[in-house]
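For reference, the structures are reproduced in the following blocks.
Here chain A shows up in two complexes: once beside chain B, once beside chain C.
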Partner chain A sequence: MSTALNETKANWEPLIVAFCCTWCSYAGGDLAGTSRMSYPSNVKVIRVPCSGRMNPMFVLRAFQRGADGVLVAGCHPGDCHYTTGNYHGRRRLSAFKKLVEFAGFEPERFEVRWISSSEGDKFAEEMETITEKIKALGPNRKMRDARWQSVT
Partner chain B sequence: MPRTGVFICHCGTNIAGTVDIEKTVKASRSFPGVVHADDYRYLCSEMGQDIIKNAIKDNNLDRVVVGTCSPRMHEQTFRKAASEAGLNPYMVEVANIREHCSWVHRNMDEATPKAVALVRAAAAKAALNDPLEAPAIEVEKRALVIGGGIAGIQTALDIAEAGYVVDLVEREPSIGGRMAQLEKTFPTLDCSACILTPKMVEAAQHPNINLITYSEVEEVKGFVGQFDVKIRQKARSIDPVKCTGCGICYEKCPAKAPSEFEMGRAKRKAIYVPFPQAVPNIPVIDRENCLYFKKGRCQICAKECPPQAVDYEQQDEILERRYGVIVVATGFDQLDPSIYGEYGYGQHPDILTGLEFERLFNASGPTAGKVVRLSDGKPPKKVVFIQCVGSRDKARGMNYCSKICCMYTAKQALLLKEKLPDAKSYVFYIDVRTAGKGYEEFQRRAAEEYDVAYLRGQVGKIFPENDYLVVRGVDSLSGKTIEINADMVVLAAAAIARSDATELGRIVGINSDSYKFFNEAHPKLKPVETHTAGIFIAGACQAPKDIPDTVAQAGAAAVKAIGLLSKELLKGEACTAEVNQAECSGCLYCEAVCPYNAINPVEIEERYHGGTLQRTVAEVNPSLCQGCGSCTVICRSGSINLRGFTNEQILAEVDAICLQR
Partner chain C sequence: MAERNVDELKKIRDVVSQDLLGGRIDLLLGWEKGHYWWQSRPLFAAREEDLEKLTWDSFCAVNLSRYLLEELKDHQKVGVLVKGCDSRAFNRLLQDNMVKREQVILYGLPCPGMLDYKLIVHYAEAEPVGIVEQNGQVVIKTAAGEKTADRQQLLMEKCRGCLYPDPVVYDQLLLEPQGVKEVEERFKSIEELESLSDEERYAYWEKELSRCLRCYACRQACPYCSCRECFVEQENPRWQGRAYQPSENFMFHLIRAYHGVGRCIDCGECQRACPVDIPLQELNRKLIKDINELYGHYEAGLDNETEPPLLTYRPDDPAAFSEK
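Our next item is the complex of A and B:
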């Protein structure tokens, strides 16, 4: 069994995976960088073309692999580069969030946010907020698959 | 097994300052499939690219991972370098360890492990990369320019001069835009109409330009090279072929309405041209105010019109055209300062905005060029100008500087003194900002030679007393309260985005900043491009801008448009969806979610129990697909995947990132 599960809260740092659409949120993250804003390094970004590309399977996989929080960020509704992608994303992911809750998993660990390419400050803020929230929630013990870590 | 090469960039100290490069390179060597890892001070430089190219050849690499700045910055650079070394450009992956790592984290202990995780994720994705080919797209050799102000006119002229057909769409009955409303232009005091109207006429007469005035863009579909656009040509109620522009109709028309061109400070007729130099010089009937349309009686214009050009039955027409490129140049609006109760705008006729005051100088303006008070027609003796009304106001979320107000206020104060030598001007300002060629000199001249009193401070209250306006403010330099009994007050109202900018942005497919101005693709290096290929922006729809900057940007947008139009074929999107037709069940949910109509049903034949079976499955047209990936998620059998962002690739990234502990 991995030692991770027995970690004390004191030295535990959450891992947060953020899926960002390349046109708005990822660019917002770039702007946070060029503006030299700062947010916790717990957040690691994976670039996807659109929030409509987000298969809930990706979120589940992140939780199984031990992520403590997952954020999906896309263009503001109405501003999708692909016209309607974020509407599909919004509907799918909100249904998914309900499902996660129904399955007995803390729904707070999974968030969807709309961050435009000009909102570097909002990007940094959201990353800060979710990190704080997950820190308060503690490690993801329910969904993480401990066997995976020991195999790899 | 893949043979991946990892290259970590120092970016000077931009990355190396907070990411331990040596550790990152060393860690990279242990990632699955990585056979080579190296670092360099500036990977994007020619030397840096050569390092990558040589390593590809020397180590027989089939995949490249660069740990550098954002892929939005240099992905193309490294793809190009890889393809020059004989590798398919899509075998390159970028780990963004600058914008998403070294620049947002302050110390090495935090940033280094994150950089390692990001590079590991990129390497894991790269291991699953396939060589991709971008489809070729034919370019429609026709440009659409939206907005007929100076930005749109200049863009249209430049594109037309290069030999391409341009449709210039303007919402108002005439082109000319904001510049047509100005009397003089700073800092040279050129008469605005004198330099603008020749351009308007040139645009109208150019064989390659079609003016489509009194029209609005309703729908844009398609993509670079092939935008399908619907334009609503509003009913003018005038036959443009018959009309000679004699003007008898609006002389005789009995119905009046506030003139939009004069910001409601003067009246126009119900049949009208917005201003005397209008291009085209063809009137329109404002059906809301026309007596015939309102009450079914009158028809004086039709009776008086010598060539009988009035046509009450005319209907809106929808033009459907295809364009290779689109330039958006829709300009700006002026803030309505009545939200600032303390200035009393809208409650007294002598409290004007800058643009309204400008019209008083104009011979065809509301006062026929006499600078007089609108309340009693007397020339003003004391005029107070207030700067930054709605600009640089954090409390109202209008943090930006409108850029043009300091200069036009200096210009108006100067013009006022020339017209009325007895008049005295006062300017309340926060800072005087006059960056621009000849601007500082001009403002100084206004202040010193034309006796304009600049008062640093803000005005707290304006109220009428007797026949003047009491302006009460604080001089923040002396700390004293100042009271001026002014005859007129001019508010330098902020330049704001057009009220319907967001809506147009949605139609065209470009996004806006937090003030609703259109976003450029890069604030420094791509000032006229947008994130949608083939759509460019010019002028004050991007941010407040003076005329020289607008014209320069219009030229830049035109060059970019010409660059695209000059190509026979464009490279399309390589990261497109593909259907595994053996697994596809033919439900065609994907067809319904595709915003580009890129998915169609096709019939295939399959062998089944010894015989053949006809079956309907989905097929993606790669030259229409833009790679959003929405179809991949809706697919119930999981038989659509997105090249370049496959399910397997994204899951591999997730796994690699979560390996951190």
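Our next item is the complex of A and C:
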């Protein structure tokens, strides 16, 4: 198949998609940037209006098209810009995480974190941690669309 | 060849024919015999002579409430025969605002559980030509002779885990109630799967789902799949690819199951309708089990007042991820 599938662990770099809520986590990422903190470039950030906006199909599509790990980051419970979005998101994403694990994904492949707009350091730290975890796990081949080559 | 109780059928027919002829209902949803003696398919009875075909045997597994979505477009008042699972399916549709209560008359049929033809064949070890039921025993007739089996042994997978054989909502109860059943091992197969490693579980599902034809029969039979436009047919964005490959099969089955979180009534219609025997109910039961463990016990379709778990929250909810 494609060269991406024959990659050895040595030269392989993980691709991680981070869905960040625009009010807290995305702003936290901004703060990490303006504070000149560095975090791995493996993480590609996608801005969503709220963690409650997360459609589980976003996560599966990411896995289909090359993601080795997916992270959803939202405001801390109680701090949601829309008051209750992340409370609902917490229930939905919990059920969804259980389901993807049941389907055979390693628990580390899909994670949820709460990062506020003042936590630039936490943002950088979490991105660092998840990248390390995914690196240790190796490339994800589950649910990969055979027609889709890894972009990394 | 498969009649269980002639008196029961007569009683049902008497009541519904009175209502149909008296104009209390325009249409009756029931069952009639299908092509084979071990099949009972939906019957749409609008005239007196249609009621002749009405049947009530151990193969009336089809959930009739789902058919209301179509039939209520053309009829003002529809009567439906409901088993336990059909009645919870009706509640589910009611909760989703898909049907109006005043347009439907429910005839409750407490259900002893439906039989699985494949198990009958397996047990008879020959091609069965018919069955006779009496006192919890099933006599299977084959060309080679007769064989008697315990009724419980021949129950469909979906009926083994059934907690509510009696209708939970009805206008008129036509038969004697069965009472709430004790089910011990509802989640046994789920726990077995959970104990496997991630790789083994993925291999299991990849193998099971590889048979999927994506005929969407599971969705058509399902009482929670009542969306007017389903994600699999949406063109923009096109979430569900048309290609026949594992990735797309996972996409469909995970999302189909996920749409049932806190809404699935565990009637097992998806699995029964599946032409390639994918254990779809396992995905649904897994979600029922998890949501019950996380957010408290909830059985979908029992009533219309309790809010489904994903429509509500508590500030101190637990979460399935390491960060609370």
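FYI, the second predicted complex is superposed on the first by the 149 of 152 C-alpha atoms of A that agree within 3 Å, B and C clash if a C-alpha of one lies under 4 Å from a C-alpha of the other, contacts with A are read in each partner's own complex, and residues count from 1 in each chain.
The criterion applied here is as follows: contacts are C-beta pairs under 8 Å (C-beta built on N, C-alpha and C of every residue); 3 or more make two chains touch, one makes a residue touch a chain.
On a predicted model such as this, the values are computed, not experimentally measured, just so you know.
Enquirer: For A:V112, is the partner it touches chain B (first), chain C (second), both, or none of the two (neither)?
Expert: It touches chain C, and chain B stays clear.
Enquirer: Name the contact category of A:W23: first (chain B only), second (chain C only), both, or neither.
Expert: After superposing on A, A:W23 lies in contact with chain B but is clear of chain C.
Enquirer: With both complexes superposed on chain A, which partner does A:Y82 reach: first (chain B), second (chain C), both or neither?
Expert: Once the two structures are laid over each other on A, A:Y82 reaches chain B alone.
Enquirer: If you count the residues of chain A that each partner touches, which comes out higher, chain B or chain C?
Expert: B
Enquirer: Per the contact definition in the header, classify A:R91: touching chain B only (first), chain C only (second), both, or neither.
Expert: A:R91 sits against chain C, while chain B stays out of touch.
Enquirer: Touch test for A:K142: chain B only (first), chain C only (second), both, or neither?
Expert: second
Enquirer: Give one of first, second, both or neither to describe whether A:C50 is in contact with chain B, with chain C, with both, or with none.
Expert: After superposition on chain A, A:C50 lies in contact with chain B alone.
Enquirer: For A:V100, select first, second, both or neither according to whether it touches chain B, chain C, the two together, or no partner.
Expert: second
Enquirer: Same chain A residues contacting chain B and chain C, which ones?
Expert: Residues 57, 61, 78, 84, 88, 92, which sit in both footprints.
Enquirer: Which part of chain B faces chain A closely enough to touch in the complex?
Expert: 70-73, 96, 98-101, 103-106, 110-111, 113-114, 117-118, 121, 502, 505-506, 509, 511-514, 519, 531-532, 575, 593, 595-596, 626-630, 632-634, 642, 645, 647, 650-651, 653-655, 657-661
Enquirer: Note which residues of chain A are touching chain C in the complex, please.
Expert: My answer: residues 56-57, 60-61, 64, 77-78, 84, 87-88, 90-106, 111-114, 142-147.
Enquirer: Report the residues of chain C in contact with chain A in the complex, numbered from low to high.
Expert: Touch residues, chain C against chain A: 193-194, 198-206, 231, 239, 241, 243, 245-248, 250-251, 254-255, 257-258, 261-262, 283, 286-287, 290-291, 294-295, 309-310, 313-315, 317-324.
Enquirer: For a test of understanding, state which residues of chain A touch chain B in their complex under the given definition.
Expert: Residues 4, 15, 17, 22-24, 26-27, 29-30, 32-34, 36-39, 41, 44-50, 52-55, 57-58, 61-62, 65-67, 75, 78-79, 81-85, 88-89, 92, 116-119, 124, 149, 152.
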